[in-house]
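There are two complexes below, and they share chain A, which is joined by chain B in the first and by chain C in the second.
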Partner chain A sequence: MKDGGVMKGLSVTDLRVEFYTDDGIVKAVDGVDFTVRPGVRTGFVGESGSGKTTTALALMGMIEPPGRVVSGQADLDGLDILSLTEEEFRQQRLATVSYIPQGAMNSLNPVARIETQILDGMADHGHHLRGSEAADRVAELLAQVDLPPNVGRMYPHELSGGMKQRACIAISIALGPRLLIADEPTSALDVITQRRVMETLGKVQETIGSSLILIGHDMGLMAQFVDEMMVMRDGKVVEHGDVADIFGSPEHAYTRQLIDAVPSLQRKPAAAPISSPRQDRPTDTPLLELDNVGKTYRKGRSRIEALKPLSFRLDGNKPRVIAVVGQSGSGKTTLGSLVLGFETVTQGTVRFDGENILRPGKDATSRFRREVQAIFQDPYASYNPFYKVDHVLSVPLRNFGVARGREEALGHMVEACHSVGLEPAQTIHRYAHQMSGGQRQRLMVGRAIMLKPRLLVADEPVSMVDASLRSIILGNLATMKAELGASVIYITHDLATAYEVADYVLVLHKGRVVEAGVPETVIGDPRHPYTKLLVDSIPWPDPNRHWGAGGTLDEEFAAVAQADLSEPTIIRDEVAGFQLGQGWTG
Partner chain B sequence: MRILQRLLMMVVIIWIAASINFLMPRLSDRNPVEEMIAASMGESGGTMEGIEEAVADFERRFGMDRPLWVQYANTVYDAMTFDLGISISYFPDRVSTLVLQALPWTMGVMLTTTLLAFVIGTPLGALTVWPRAPKWVNAVVPIVMILAAIPFYLIGLILIYVFASRLSWLPTGKGYASGLLPDWSWTFAQSVLTHAVLPAMSILLASIGIWALSMRGMMVTVQGEDYMVFAKAKGLKGSRRFWRYGVRNAIAPQVTALVLTLANVVTGAVLVERVFSYPGLGSLLYQAILLNDYYLIFGCVYMLVLTVGFSLMVLDLVYPLIDPRIRTSVTD
Partner chain C sequence: MANADYQGAIEDWGTSARRWRTVSAYLKRNPSLVVGAILLLILAAVAIGGQAFIDYRDAAPLSNRPSRPPGADYPLGTDKFGRDLLAILVYGTFLTGKVGLVAGFLGVVIGAVLGFLAGFFRGITDTLISLFTDVLLTIPPLLVLVVIATNIPGKLDTDQMAIIISLLAWRQPTRQIRAQVLIMREAGYVKTAHLGGTSRLGIVFKELMPNLIPYLMASFVLAVATAMLASVGLEALGLGPQNEPTLGMTIYWVMLEGAFTTGLWWWWSTPLIALITLFVGLYLVSAGLDELANPRTRRRGA
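Then we have the complex of A and B:
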């Protein structure tokens, strides 16, 4: 809330940013013009490398060498911010232009309290608050983002992902900036937390009356949140206009493509025919069987029941994709770890091919490790940075005796790369850090395919990659099912992708399956209040279908809280080859 | 509760280390008493007659004729009461007296230089990867890095050659000038200081670069963190970003290293003390090992064990202050 200065908004003309690399000059932003009117929300959309983040960083004066702003003006309420010196620009950051970072997980200083991180920014802009004055201001800012005042005394690690992101918003609005730039503020959050954070952000922006730029690749989120949208590709603006107009009739084919890449419940791809069902196993033993499996964590004297006793049988004769859907803390990752044998059950038994995975018979361990493969969320953390890709791929080949000799191993590796659409020559002799996040994740899928598993546990495999890659990786999963006859346990917080790939959906809430059935009924017509909340929080790529069709977030939370936790699972329908049960002894 | 647990841990560590320290010199087949007596008899020009009886007599007085477990029990009891017995080589001086005499010399030079090297080296290392660091950093850092690669006793020898032998600005060695008696006079203090300059410099020059090097590595990692980007986006001043966001987050492993180094200060840089004939614990330990003086070795090493145990406990208690993430996991 600045006084003085004319509120004209932001007007950028001919912005060019170049990066000087070994391979020559990269024009990251190539002659971009746009305006952001006061109080308007504009979305910058595009895939990674489109220049959307670079444009925003230029507006923050934060292009670092080897990058350079080559030309352009950015007039913010009468001040050409691009002509400022480094120190002048520093004074404008936070005061006039504020940035809400991507990946709030690591954006807060881990060793400083939240209040310190709010006040230090103010102090460096001449607002030295002390004592009760400081405490009041911190509480006021936290209240604006719906956080209780005691959060000020906390450290980042004591906050959940959504709370951290809201703390970041509180920090960036401390001086009432005229322009807020939010860079994929909800990229790692589940849909419900995302909805809450975006509601907070919208409310705050209206309160301080600033303009807002939302950077992202999620067309659904754009449709829900922004007024205007600017589609970028290769450093150029492809399309800019009112969000309803763009969704209604996208002028550019690329925009159409982005909209179509959003998994949508309206379109379900036809199931690929299963070409080679595996006939090489006895039909009476289920592939995977969970018999009354539960997990309780003890923390001091308190007990946390991460997974309440759950039983199911996955036959494996017909490959199935079973989606386990829930928020963080729902127990879905615990379920995955129990199936993989990474964690020991507190009660019950997990059997793979009839063998208790915790007490496997002779040779069973090696077979289990080979026939059950896993893909994890973070394609950065899944690799040992010291080894090249060929090592990552050849170790399992050698350990499981899949390939004898280098030639044969190489053949398998080449095949693995092809199976996920990677060029083997450009992949096998690289280090993990030389590949993009999407390439790494695809290679992880390729690695799993290479071992021809019978069961794949995929824990949030697409939550960290952008839309077009998401459909490629989900396609790979479908291929595994169709061509290898492998069943998949697909763990996700994203109902839309579950709808797309799953044969059966389990909705997990507080360690319990609250609703189960085929995606069309569970997601298309949810019964349980929690499933409803999840479905209502999906950002639809349709500006006319708003979040909260089923009530406000608070109303829906109240309904979930009222739901009886001891109530049995609402089983909507059955699917052949998968049985959800009350526990049996096999 | 936590402090109690740590204290217990410390006692156990000290006990185990002290036991090893008790056994090691006794595994040697040398007899220190015999060597001592033979040497002194040789010096006084006496004959070797009656040496057996003299040795046996001394051994009885030192308790070395008793079974090993009795000796062990005695040693444990002595260690607990901090009575470390009588030195064989400096007979009849008590070990505790010898150790306490040497301790201030070592602590004075080693403690000061280690802390100084840490305080200078750490920010210097951090500055090497800070984009807008002052220009002189780029000139100074390569020099300290090169010095870090040279063993400090060698630097000591060079310093002696240049500043003591050629230029005669400073004394070549010893703790103070030989004509003086230790007292609280200005002349004595001055003598102590001038004698400490070269040993201190040799350690300082050799270790600043090591602190700088390890800090540099950590700072590179921290620089890539998202919170550093957000700190800049918040419009924070450079100095706050450097100290409160950068150094503050990179420093934890440095502090661990500092505490472990401080723990070893007590035995000093044995070689440096030898090079400068400095009357510290390092020299004392060296003497004790040369003569296989069980009691003196035990005394020196016991001192080391005590400080290591104590430092580790302090580190455990201090660490949560450095990293709040440890604080909560501890209370859980």
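Then we have the complex of A and C:
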């Protein structure tokens, strides 16, 4: 296999991949040339449809009909991998080139132990290990990805998302490949887990000395991780060079645009002036009031305290964007569900406009339903597959009596589409599965704007969309506050986006608020170890600002573990219109 | 172009012309539903329309000259007992269809109720219903039906036949509908509907039911096919209604009298063709409904 051991890296010339569809030929990759030097990390950046994943799949010999590699050479240490037959390619995969697909952690076999899956991958490529030899190799690989040896005996459902992703990395490096391709390896993970997985990936790549291609759309992650960067658009390379150079002086406008799409501390948009507060209701009643609200789940004997008693008050006359930040399991989604009335509190009271939402007065129910709207993380699940997408718009219009008659309803719907930049004619007669993820989420935002709520609960609305769309949707939220006077509870794991839109930030850890304040102080100068960990894990789009300025991940985890959970919330400062407190009764 | 059905004008949103165009465009994309429905409609036309021209008495023994080949007097010939096979085609298809429809309908109604109860209320209700269904699912149906049919005193008629078969026809629908309800009650669109001001009952009927209807229809078609198969099976064993000319009983007489060896090909080919058309039609409709039930599997393009 080692043909002289020449390490020249990968050099690709004139790669073209075409897809033959009903609508004609789509040139997914259109004449791409690049080299990846040995041991170098290269980032492929671009939005969905830019050809970055297709380029990687071509290098893995995984282009399926109707797609076809039309031309090109890919020379990896003297071997033209594009000229290989199907069987030859099968032998090279994992041994020479290894690919970690997007959402790899979900492709683990649910009924096989991790060690079996690692050994299966090796056996498939002719390395049959048995007994202690196999056990040693599994332990060694798991140690390389910072997993304890007992993970080998576990099944995928016993592991967290980050651990599963690291197990996938262990499988992909089992045969010491010379080129490792990772396709958005952290797209579904929160920032802290993302940092851990990326650190593991970087360490492993240095240990085995391979080249690495990281595919992604997150410029921040690129700045933190890769050495060189290749920006792609419409199947062509727009820009390729050293990361520091590209971030320092991007040559192409598109690169600039991608960099600007990342929320960053330096570029906080000027606070939009708040137009006149809504006058349609007496403003001395608080809009939303949580009075010692807690939620405990019981499963058999065990009790899980998802949200420890929390009180806050959001005034009715000053629209505010309140960010609730934390990792999965911090209780942030539980808080959102309690506010929406989807789950019942185990203690305390949630009041909207002065009325307990669980025991509302006569006409309060319909007012609550109409004035509190939500946007969820997964826009696809929010649409009923039986109906076309107009259903989510027309139903509330009818139920709330907003529109009388077909034409008036249509008018509102057209306006909703326009408000988020969708073309009504190409939207309302479609099914959800006929739209892209970004279009679906934009329409959900349009729906929220159309209903003019006074309170919007946005639960991770941008964690599943591209970077450029992310800033558009965050802009929509800001507009809702400024023009409609709506308050927003913005639930996220991403402090950077919270910084961009929020007036006030609550950092939630294990069901309790550990730190609260305006974003400039909480994110600019965090005090609580957990907030520090979150802030340190933000992948800043600046190659000179490194992850882990506050110490290694392990040191920071230790500091968080030491922090006293019974300590009161660190309240940094206050903002008019929002009070965090210890219960309001009496 | 691929996107023809939703591109272009939107002024006609919500009008009946728009709806009709959507339906016809859909049917063009789902040929198995159309072909299956046409086959079943032809059989229904023969079985129901034919009754206006053909006398029921022609399907009784000794009503005509026996063993006549197809010809001018008897288009499909007569059997050894003097039954007109055209009359058997008309009334036999009708009776077999009736047994299948009645048994399938009862099965799906019972199954839908049990499945909805189990899936919606969960807990102990679900445990009991699921346990009962699972145990019964392990028993071969024909065995049970033979035992029941042989123990019915007196002569069976087709209505009793349908009820006997429906005793076991609800098992698969119960499981299918329970599984669907369990999945759907957690769906994100239930939350969206809730936020849109739809009531609890509205969510059940306007959001969940429409998604369930294709499953109900598909499992109805499947239950009808299963019930017909069971009835034909019982009748071919001689356990059916002795005095009614169902397709299955005709097969029984064919086997009993050795129609294959005595050269009366028209005797066995008539019920056989009717049964094949029936089952192929049911299969195609069921495949077409499956496509309707899973929009994600729909092929793009017009």
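Keep this in mind: the second predicted complex is superposed on the first by the 575 of 586 C-alpha atoms of A that agree within 3 Å, B and C clash if a C-alpha of one lies under 4 Å from a C-alpha of the other, contacts with A are read in each partner's own complex, and residues count from 1 in each chain.
To be clear about the criterion, a contact is a pair of C-beta atoms (placed from the backbone, for glycine too) under 8 Å apart; a residue touches a chain by one contact, two chains touch by 3 or more.
Predicted model, so just to flag it, every value in this text is computed and none were measured.
Under the clash rule set out above, the superposition-derived model of chain A with chain B and chain C contains a clash between the two partners. Judged by the touch definition given at the top, the superposed model places A:421 against neither chain B nor chain C.
Contacts of A:241 after superposition: neither chain B nor chain C is touched. After overlaying the two complexes on the shared chain, residue contacts for A:329 are found with neither chain B nor chain C.
With both structures placed on the common chain, the touch criterion links A:38 to neither chain B nor chain C.
When the two complexes are overlaid on their common chain A, residue A:340 makes contact with chain C while staying clear of chain B. Of 129-137, 165-173 or 183-191, the chain C stretch that intrudes into chain B once chain A is superposed is 129-137 (criterion: clashing C-alpha atoms).
The interface of chain A with chain B does not overlap its interface with chain C at any residue.
Chain A makes touch with chain B in their complex at residues 60, 62, 64, 90-95, 98-99, 101-103, 105-112, 120-121, 124-125, 155, 157-158, 168, 171-172, 299-300. Of all residues in chain B, only 131, 225-227, 229-237, 240, 244-245, 248-249, 322-325, 328, 332 touch chain A in the complex they form. Note for the complex: chain A touches chain C at residues 22-23, 340, 342, 366, 369-370, 372-374, 376, 378, 380-387, 390, 392, 395-396, 399-400, 406, 409-410, 413-414, 424-426, 428-431, 433-434.
The part of chain C that touches chain A in the complex is made up of residues 1-3, 5-10, 13-15, 22, 187-189, 191-198, 207, 210-211, 295-296, 300-301.
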